[in-house]
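If you scroll down you'll find the structure; I have some questions about it.
Chain nomenclature is as follows: A, B, C and D, assigned in order of appearance, with residue numbering initiated at 1 for each chain independently.
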Amino acid sequence: MIDKTVASAHEAVAGIPDGATVMVGGFGRAGQPVELIDALIAQGAGDLTIVSNNAGDGDTGLAALMAARRVRKVICSFPRQADSWVFDGLYREGAIELELVPQGNLAERIRAAGAGIGAFYSPTGVGTELAEGKETREIEGRLYALEYPIRADFALISARAGDRWGNLVYRETARNFGPIMAAAATTTAVQIDEVVPLGSLDPETVVTPGLFVDRVVEVGERSWLQDGVFIGGVDLEGRPLAPAGSGDTEEAS
Amino acid sequence: MSAISRQELAQRIADDIPSGSYVNLGIGAPTLVANYLTEDREVVLHTENGMLGTGPAPEPGQVDPDLINAGKQAVTAVAGAAYFHHADSFGMMRGGHLDICVLGAFQVAANGDLANWSTGAPGAIPAVGGAMDLAIGAKQLYVMTDLLTKKGESKLVASCSYPLTGLGCVSRVYTDYAVFDVTDDGFAVRELFGDTTIDGLRDLVGLPIADFITTPSSGGER
Amino acid sequence: MIDKTVASAHEAVAGIPDGATVMVGGFGRAGQPVELIDALIAQGAGDLTIVSNNAGDGDTGLAALMAARRVRKVICSFPRQADSWVFDGLYREGAIELELVPQGNLAERIRAAGAGIGAFYSPTGVGTELAEGKETREIEGRLYALEYPIRADFALISARAGDRWGNLVYRETARNFGPIMAAAATTTAVQIDEVVPLGSLDPETVVTPGLFVDRVVEVGERSWLQDGVFIGGVDLEGRPLAPAGSGDTEEAS
Amino acid sequence: MSAISRQELAQRIADDIPSGSYVNLGIGAPTLVANYLTEDREVVLHTENGMLGTGPAPEPGQVDPDLINAGKQAVTAVAGAAYFHHADSFGMMRGGHLDICVLGAFQVAANGDLANWSTGAPGAIPAVGGAMDLAIGAKQLYVMTDLLTKKGESKLVASCSYPLTGLGCVSRVYTDYAVFDVTDDGFAVRELFGDTTIDGLRDLVGLPIADFITTPSSGGER
């Protein structure tokens, strides 16, 4: 019997060695594997290369991992945010390496790793400083730069529900990097709201087949859902709104 | 010469977007354009973090952290929306399936080069996000920008001094003074706002600017 | 208002010019746009390049199009079938050109066209006669051959349901080439069982967003479904079974 | 020497497939292996036309033309199945996510080269399907074949005379006389069936064949 469920986030991140490359899903708060990142912080691996769209914000999550000096290098598209002070500080002091990749090239390079593509020609970034040193080629009158796959030892992602085979469904734009990172890592750990019985996910609507998934941990329903139905009452970070109509929305950039 | 407001400019751009178009509105000022795209026109908004059919911001209390746009703002979904992952989303752009993309700019060169992601300032933390993908990711790239920087320098330039975002990618530039098409021969005025004159524009920009054109732009089209 | 529905299969294939490259979805019977192919036969365009996994079987569909000498070239992975006598005859007499492509390279080259990839390095076929003349490169110790996108002027595909924006859902393995061909063609025409109201497809489960679709024609429910529920009673070609338990299954190769 | 039946061989291969593996069974004889993979072992079958979790053939009258395997035979879906499009399906294979692929063969060379798609006969209509993708599409490639052709020639060869399907891709060969691993030093017998002897095999094959090996094979692993 296939059972990829594990009992805790701690177990889901077990065995990540020092020096590992770890993909971390999410775009902003959406799809961020919050519990798995916390477990990685507790787990202790260092000298990590993190592949993620952003480079942490505030003082929790990836920012906390970086603040603990556990990250050697970040491969991402958008490290600079209003509250990315942890990354900013480390970068300025030369304590963290950055590979800046246009977001679509980042996504396609991750996809290429999962799909066994050796390299591909992308038109994005050609002629800019981010393609400096890359092999270029003109194909049917258009310039392209050669881009290589980005693989990882581990991927930490978040999905809404999954079964014991690791079949996954996501929610709205929280899908983002999850499906492609799941396929690009040797070991993929997923936090989900809910483990559902095998066979209860419609095979037409499974987004990530269990083939790509190694460990699944149930972390409980996200606070803005109740029994799978959106109930609201939170800010963009998922924090409960202050009571009595002070419902201000947050805007990140 | 008079300049129109950013809201008026957003309205002006919205008027130029054909009903039923697939459009990506970049972070910042371009998002204002959405306010003037009435629902009945069914302009389908793409957000590169994995969605077609982005709707207006939710009511207070109805913010959904799973449902955001590329600017990480809360949005809603219209009837007919679809979600997909990042590789599919950028494939859509790179593959030329979007009709129009509207972006901000630091500089646009007469050959259609765009600079909008970095000022190249020493010590700045670089961040590119989807800028370079957006620059090449639509059949038409419209830039929405003030014509002049805060220091009064023209954002339309002979060639970009800031780091490039994309080569020869801009089709049209919407500014607070005028609308310019990028042609094989450089900038050409498409429309003047208020009492703006061509000669006045030439003074502000300091570049050759062709007179009103009547044929569609060719620059930046793919 | 966006309304991509058209009134007939005839209208869905209108304007395909002589010399066009036309992608045709389907793998065997599953996902074959039967009505659209028939309409293409009636429409009259010739000198066509057909991109499809197979090269027709029996005397209908693609085989009939070929028999009418309307196809100059076929790009496919598996032209030879037990009943592919039409293609076989034309090929032997030199009346049809064949570009034989391994199935996964065919799929990835179609996908590359839709995703704006200039070319990519594939490990499939390297060292075989199907990669002869292709540029090869060793990347991290593995050999790859350079593969270019396959684009089309038109794609003819089949889906189960769609809305007036062209959002599509498929059914089981009939999904096959539909989503990637829809993205690789300038004009994509889709035959569907049923046009559903806008907003009735769950945005989580839309497989092909309407962005990729230009024309949608409702052709009625496939004969093995009733109100969307499988009722059986057909053979693999969708033909009604002979009555009274003669239910033999067909096997194609 | 005695040979085992094709059914016995299919059973033998099924026994070697670990429970919970992701497996693609090629068209023809390899599909017989499925008959010996009992449901409780949860070996997940992939079919390259877009499905994981292929189940046994349907009952008569329950054939579903939308639900077929790569051999275009009617199948069913098990609980836990998933559908996907062709590019995703072959990406799964090419990306090395399947554990085992079982294919037929015309010839297997001592260096793991496989020939199974074309006899190269003049005038034959070529057709490759997914053969070349399957050849490189799993962590382990098992070949299931008769050891000898109908003419009595060995299908294990020094180098393939038929057109190649893939280079150095075969991990193991299951034949009616014996199971061979492909090692860095060529074929090595892993198991003999019936009263087959190593010397007898060497006579049939006409190649150096190493004795029973105790370490796992290295050839063809990626």
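Just so it is clear, contacts are C-beta pairs under 8 Å (C-beta built on N, C-alpha and C of every residue); 3 or more make two chains touch, one makes a residue touch a chain.
Going by UniProt, the chains are A, C = 3-oxoadipate CoA-transferase alpha subunit; B, D = 3-oxoadipate CoA-transferase beta subunit.
Keep in mind the model is a prediction, meaning the values are calculated, not measured.
The centroid of the Cα atoms in chain A and the matching centroid in chain D are 36 Å apart. Between chain A and chain B the centroid-to-centroid distance comes to 28 Å (mean Cα coordinates, whole Å).
One simple way to say how far apart two chains are is to compare their mean CA positions; for chain B and chain D this gives 54 Å.
Multi-chain contact residues of chain B, defined as those touching 2 or more other chains: 51, 77, 83-84, 87, 90-91, 93-94.
In chain A, the residues touching two or more other chains are 108, 111, 115-117, 122-123, 142, 170-172, 203-204.
Chain contacts here follow an irregular pattern that is not a line, a ring, a star or a complete set.
Interface note: chains touch in the pairs A-B, A-C, A-D, B-C, C-D. Chain C contributes residues 1-2, 111, 113-117, 163, 165, 167, 183, 198-199, 203-204, 206, 209-212 to its touches with chain B in the complex.
For chain B in complex with chain C, the touching residues are 19-20, 22, 40, 42, 44, 46, 51-53, 77, 79-84, 87, 90-98. Partner chain C is touched in their complex by these residues of chain A: 108, 112, 115-123, 137, 139-140, 142, 144, 148, 169-172, 202-205.
Considering their complex, residues 27, 47-51, 57-58, 60-69, 71-74, 77, 83-87, 89-91, 93-94, 123, 125-133, 136-137, 163-167, 222 of chain D touch chain C. Of all residues in chain A, only 27-31, 77-81, 84, 87-88, 91-92, 98, 100-108, 110-111, 122-130, 142-143, 170-180, 207, 222, 224, 230, 232-238, 241, 245, 247-253 touch chain B in the complex they form.
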